[in-house]
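Next, two complexes with chain A in common: one pairs it with chain B, the other with chain C.
Moving on to the complex of A and B:
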């Protein structure tokens, strides 16, 4: 695993020995940071591809085009929800209300869209997303105005939202999926599943927003050093509110996608996404303390988790072993991102560079 | 001069900013409400029921306090509770001696998980929330491997004796909680106990004054794990059967208890007693809501609100105290 990462950086991160040699005396901390994120993201994708090849040994069906489409479809929920989680982690927070908001989005979708307007009126989608985003706004207000730790605030709001969903629906949410969402989840365009195209477009836009816009840059600044960010003129409160609102809105949208996929809402539909959403972000190389990480890495983490889930399921292992393997994976990912492991990779890269320049 | 002229103010401020006092007051008020709603609330059986329900959460919250005092988070509590529960349910040992061995096994499991957490966080320099998340998933999986569906049975001695009243009045489980509180009182005075607060407040200063920060951190995780083991043991005594997901619903309540008990999540401020009484308050709140006819669906709503209000209140008190301190 480490070797593949090392060779990956070696080919990626070399602008040329001569230019590198000239830049040697300058401040290279920016380059080091860039390198770390590239290492993590590239590493995750390398592991993904390796896992796909290895999975062929278990079941020759794996790795086929059809299988890839299924993986991408199943990963799409996790990708959308982890983007929101990743943004809150980026500013040094955490969103534990995600499963409840997924349920909220799903329950509202099934209840409103199918009964109020079976034909599918478009105003309902933004309305549901706005309700979900409101949960995020409340989270952020608690965190910034009342100085409640993000962990506690989102945990509490998660219980509250879930309790409300439970109470209002009486334990059995009704309704069915509206036609528009069924089309999104199971329709096909030119032989490709529509949802795969949607996720690819989503990833491109999301990655662009996080890494290329000033909004994204401000998030990185806040996560690296909130005090410095405030002094630099970033409005911390506004940024926090919009981040948590986005996270909740994406969770709500995941709920809508799930309703379209399984044609109905259940109260426990969000539960399987809390831990994987954090795991995908961590595996993708983001620091849980904030200020570091790329969305590309998170996408890789989400796909990797989905592949592993699929392989483990096809092995016919009991639920307990599956859970243990995913726990071990997360632990391995955390260990690999440890400073020591990265320093080791860097020292190898440096040694190779110095030998090439000497020759 | 001003500080000497008004010694009573600083005393009041000390009491007010002490989370324990506030939560005790809250508990007494809630109990008064409870006895008003429910006629039998003051009877021995109602009280011992309440104590029995509270103890597993109280001891688990006590354990979590160790890590939170250091400014960390320990999510492994849910996994350890489930693991201990299923081990006790699948390997029941009869008699008092068997119960003692079971207790040792429970503490051993918890301490072992805590040691893994401690080594990775303290010596490995990894983030506590990430490591304990992975450990929680691992232990939860292990619990499912030991027992894949609810079932099994805890030995009769444990489930009978520990839920009964000694001499007809004192709930046996309450004695376990008092035992934990006494051990904390002793631990608080040891060098490690003092070091725990010092590291939580400012680890650089603690390290400069000769405290072994890594060792303190590691010990905190091990002690926390051991207490989760005891909590799992008491939980098994309550439920008398095994459930691989027994710990999951308690995780939120553990953090809510610690928050209610006035322990700051930034570390270095708070105590074990607060968390235990916080746990008692949460369980009492559940009872009050239940007996006042609130639908069980909405109990989570109140628990969440109490949790948020408790943290806001502690923050507000600390802020006001700091401000009056500055003006004095």
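Moving on to the complex of A and C:
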């Protein structure tokens, strides 16, 4: 029953892309050939590689295999958390409760799965993720049922969740990381860090879900035009709830990864991820207004931010300069992703092509 | 649809009324706090700037434990206020404590200067201010701190000795712009500058936090894998984790007092891999010491002739780490076995001479140790701290030998 219903809505929702394909067959103008999202994502990765090469000027060690592994390990937290953030941005929302949910996931992991008190079991991982997802469900209910703007709702719930963590732990999250998470974060398979392989698998699955499943397509539809999406038969409330639940669950999982990485939880462990999670999504070419963007771009954004961070750290500048540079770089990256920049590139390409044909 | 809207409206109205009721209740609560307390007890406020790491909560816990230990349990009414990392919030917290006619305020101050005016007003109204760990430059307040005891220069010299005066090092600092971080780093640089073959190749801020320090160290290691030593403030255990994760040989690391760091220093495998160092730095015991001093002053048992009191610098080199068997730091042990406390637990919360009343339960849960009573502080417990401009005095000058080594001597030229 459920299946048939799903496929029913599916076929309703599908005509969009199908018609798009049909149109693309006839339309051969450059603007359509160069899909904006593909260009954005490719651009970010090009900038990543360029940044790596430039950083070799600072230190020849940059760009080595070992350093690439470190970058991917440090970026893994940001990649996972900004996937969730990216989904909420895709439907035109925003999740500001992410730092608190990371902390919640970390605190629960350290408390329930601690090696200090043996008894850490596998079922606790889904249990903790479910608790975190519940925060997302509350967020979405506030947004859909009570029409509270997303940023206010998630900001408020974030403060409440953080205060709960502070109150329950009395300031000191106890416990240590369970062996399973320590293995995930610091184990090695065939010479490669296990966490790098995990992130690659995660990225493939996540990108598939976002761009190739009907769930992902519905998110795009909602973000482009929520009214049209509702008329097309998409259940907006259910989709919103599942999106925010996913975002919170990924934030919670990031908390678990952080616990495995450094063997313990602190109450401010989520703080450094709020702005970077949004920045990675926007640098990756997603529209902050929703409906546009790819996860591949977000991955590039997260890796780029990590490279920037690393280069800035190794420059040995005063802290004030460092934060100024990192703010400036984010701004520059976002400006490059601006609609105008792409049109400018296109117009240059077109002009060059027209001159060559004239000759 | 219509009923749903009506339900929504009712819920909204209910929420609004609830909020008003809460606000009103809060107001009444504040009014009550400002009423004169019963005079058979000393009203003491414990003002924390930030609760969120092991250090802060241990410092608060030992004060609470002492307030529950006889005879203080009958003498003291202790109220705790956590005002976050915002200095304005702490100023307004102090204001309401003064308005409540507090006999004493024991506090971890956020800023050495911003609280001065409020503290001065409080002193004039007869409230005693005792600051622990952090300091204020207002002369009427009492500062109980290890800051002037030379953490930076002594650990730096230890690191230089371990490296035989030569090598590339990282500085893992604390919070940017913080006066304590600056004092530590100035002290350390005064030593490093004497050795032209010591090169600081990376300097980063770990925010006195294991996780941040680990990530920042990992970044610095990616750029400078040839590092020979790390000089760290609190968060040092993260630096070691990053070294291990990089899969290279370990190097000498100096840091503060986390249990995980001390266990690593004592671990024979890690020593064989190249780890050595010293555990020193900020002791949460200063909070308990300040509280006992304040109570003795309030009860008229002690007159303090200095306002700046120095707490001796903890100093545990790797070969002096001794793991405790029980729940009390007995027989000179200074570290707890893994599994008993989290890695981030700060073991310098105890002091068998000044604070014999405390046990592990006091530090972890804020409970009094059964069977203990408050012991008077030894007559020579108070050591005057030297002047340190911007830390414990405003219009004063630094001694010429402010960065004199006290715990270790230069072993290399």
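The definition used in the following text is that the second predicted complex is superposed on the first by the 310 of 359 C-alpha atoms of A that agree within 3 Å, B and C clash if a C-alpha of one lies under 4 Å from a C-alpha of the other, contacts with A are read in each partner's own complex, and residues count from 1 in each chain.
Methods note: contacts are C-beta pairs under 8 Å (C-beta built on N, C-alpha and C of every residue); 3 or more make two chains touch, one makes a residue touch a chain.
If you're wondering where the values come from, they're calculated on a predicted model, not measured in any experiment.
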{"item": "Chain B versus chain C as contact partner of A:146, first or second or both or neither", "value": "both"}
{"item": "First (chain B), second (chain C), both or neither touched by A:70", "value": "second"}
{"item": "Partner chain in contact with A:50 - chain B first, chain C second, else both or neither", "value": "neither"}
{"item": "First (chain B), second (chain C), both or neither touched by A:94", "value": "first"}
{"item": "First (chain B), second (chain C), both or neither touched by A:238", "value": "neither"}
{"item": "Which superposed partner A:319 touches (first chain B, second chain C, both, neither)", "value": "both"}
{"item": "Contacts of A:159 with chain B and chain C, given as first, second, both or neither", "value": "first"}
{"item": "Contacts of A:288 with chain B and chain C, given as first, second, both or neither", "value": "first"}
{"item": "Touching partner for A:262 - first (chain B), second (chain C), both, neither", "value": "second"}
{"item": "On chain A, positions contacted by chain B and by chain C", "value": "146, 166, 170-171, 319-320"}
{"item": "Residues of chain A touching chain B in the complex", "value": "94, 142, 146-149, 151-153, 155-160, 162-164, 166-167, 170-171, 275, 278-279, 282, 287-289, 318-328, 330-331, 334-335, 338-339"}
{"item": "Complex contacts: residues of chain B adjacent to chain A", "value": "73, 120, 124-127, 129-131, 133-146, 148, 244, 252, 255-256, 259, 265-266, 295, 297-301, 303-305, 307-308, 311-312, 315"}
{"item": "Contact footprint of chain A on chain C as seen in their complex", "value": "8, 11-12, 51-54, 56-58, 60, 82, 176-177, 200-205, 207, 209-212, 214-216, 218-225, 238, 241, 244-246, 260, 339-340, 342-344, 364"}
{"item": "Touching residues on chain A, where the partner in the complex is chain C", "value": "58-59, 61-62, 66-67, 70-71, 73-74, 115-116, 145-146, 166, 170-176, 186, 258, 261-264, 266-269, 272, 309-311, 313-314, 316, 319-320"}
